[in-house]
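We just call them A, B, C and D in the order they show up, numbering each chain from 1.
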Amino acid sequence: MAGYSITKDDYVKRLRRIEGQVRGLQKMIDDEQYCINVLTQISSVTRALQGVGLGLLDEHMRHCVREAAEESPAAGDAKVEEAVAAVARLLRS
Amino acid sequence: MAGYSITKDDYVKRLRRIEGQVRGLQKMIDDEQYCINVLTQISSVTRALQGVGLGLLDEHMRHCVREAAEESPAAGDAKVEEAVAAVARLLRS
Amino acid sequence: MAGYSITKDDYVKRLRRIEGQVRGLQKMIDDEQYCINVLTQISSVTRALQGVGLGLLDEHMRHCVREAAEESPAAGDAKVEEAVAAVARLLRS
Amino acid sequence: MAGYSITKDDYVKRLRRIEGQVRGLQKMIDDEQYCINVLTQISSVTRALQGVGLGLLDEHMRHCVREAAEESPAAGDAKVEEAVAAVARLLRS
């Protein structure tokens, strides 16, 4: 099993944990915790989200791109373009 | 009012919206939506989190750094270092 | 032609421009220009480098992944993993 | 001396090394080296540039913000805003 592959259950588990972390951030703000600690926690949530994103990218390349490429090279290319555009959005977010 | 300044209420509102977006991501996975669409939504949540982070950084620099610097230059420097280290973590997350 | 595809000549042209921008940064520091202006220029060079990276990623997915996948699914998967790991490094740099 | 502080000489040395790395990237493309290796090197150059950017941010906060704040709170706030906007550009590049 690949380093970035995630099963559907894994995605949901990870996203539930991220949801809990975002609720934790609200509590940190409510409790007026030190802003640098909140910032550190934001970096950690961002990194967790990026991890989910990398899993989806792995999936897209492993399945969607491949299946499309088997249909026709042009269909494969279209999926590659979508993936690269998605990575560009991740990089710039 | 500065471009990145956020009030406490604003932070909580933004984080609630982000929490809702993360729940939306779980639903997208559950519904087996197209992975590129989920990825695009992840970029949008990441950007929203970074926006909260920039607000906290603004606050830290506007208040914590300044108050510490009024105490002593060394205290001010320590707060600056904390802020730059926090930005480094944001950049690398 | 795809949005992120770059020819070999294009890569070299882009990298020469980036090299010139990095020399420009040295001159900005030498001339003691305002640090925020130097920072803005650094963002612009970083973005240009990421653009080259996205071009390479496009190429990798369009050619290396596909050719490897035609050999064997396992070879294709290995190339996908390499690509996702490279995106992870880009995101965290 | 703070973790991210850099002297003027250090900036120039770092930027010269980055310039050399960008020339190295051109050679990698010319030699048609494996795209993932070029991508890895791009991440390393990006990280080196971000390091220079963090040094400049440290300097801005340590000197420009403080001196402006001594003049007037409004002048200090204006410098903080510039800094946060610069971090936003770094994050999105």
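One rule holds in what follows: a contact is a pair of C-beta atoms (placed from the backbone, for glycine too) under 8 Å apart; a residue touches a chain by one contact, two chains touch by 3 or more.
Source: prediction; values computed, not measured.
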Fill in the blank from the handout: Contact-pair count is greater, between A-B and B-C, for A-B
Practice task
With centres defined as the mean of C-alpha atoms, identify the chain lying farthest from subunit C.
Solution key: B
Practice task
Let me have the rounded angstrom distance from the C-alpha centre of subunit B over to the C-alpha centre of subunit C, please.
Solution key: 26
Handout entry: Rounded Å distance between subunit A and subunit B, as computed from the means of their C-alpha atoms
Key = 17
Completion exercise
The positions of subunit D in contact with two or more other chains are 50, 57, 83, 90, 92-93
Problem - subunit A partner contacts - residues on subunit C that touch it in the complex - result: 2-4, 50, 54, 57-58, 61-62, 65-66, 69, 76-77, 80-81, 83-85, 87-88, 90-91
Practice task
Would you tell me which residues of subunit A are touching subunit B in their complex?
Solution key: 8, 11-12, 15-16, 18-19, 22-23, 25-26, 29-30, 32, 35-36, 38-40, 42-47, 49-50, 52-53, 56-57, 59-60, 64, 82-83, 86, 89-90, 92-93
Practice task
Quick one: which bits of subunit A touch subunit D in the complex? Just the residue numbers, please.
Solution key: 92-93
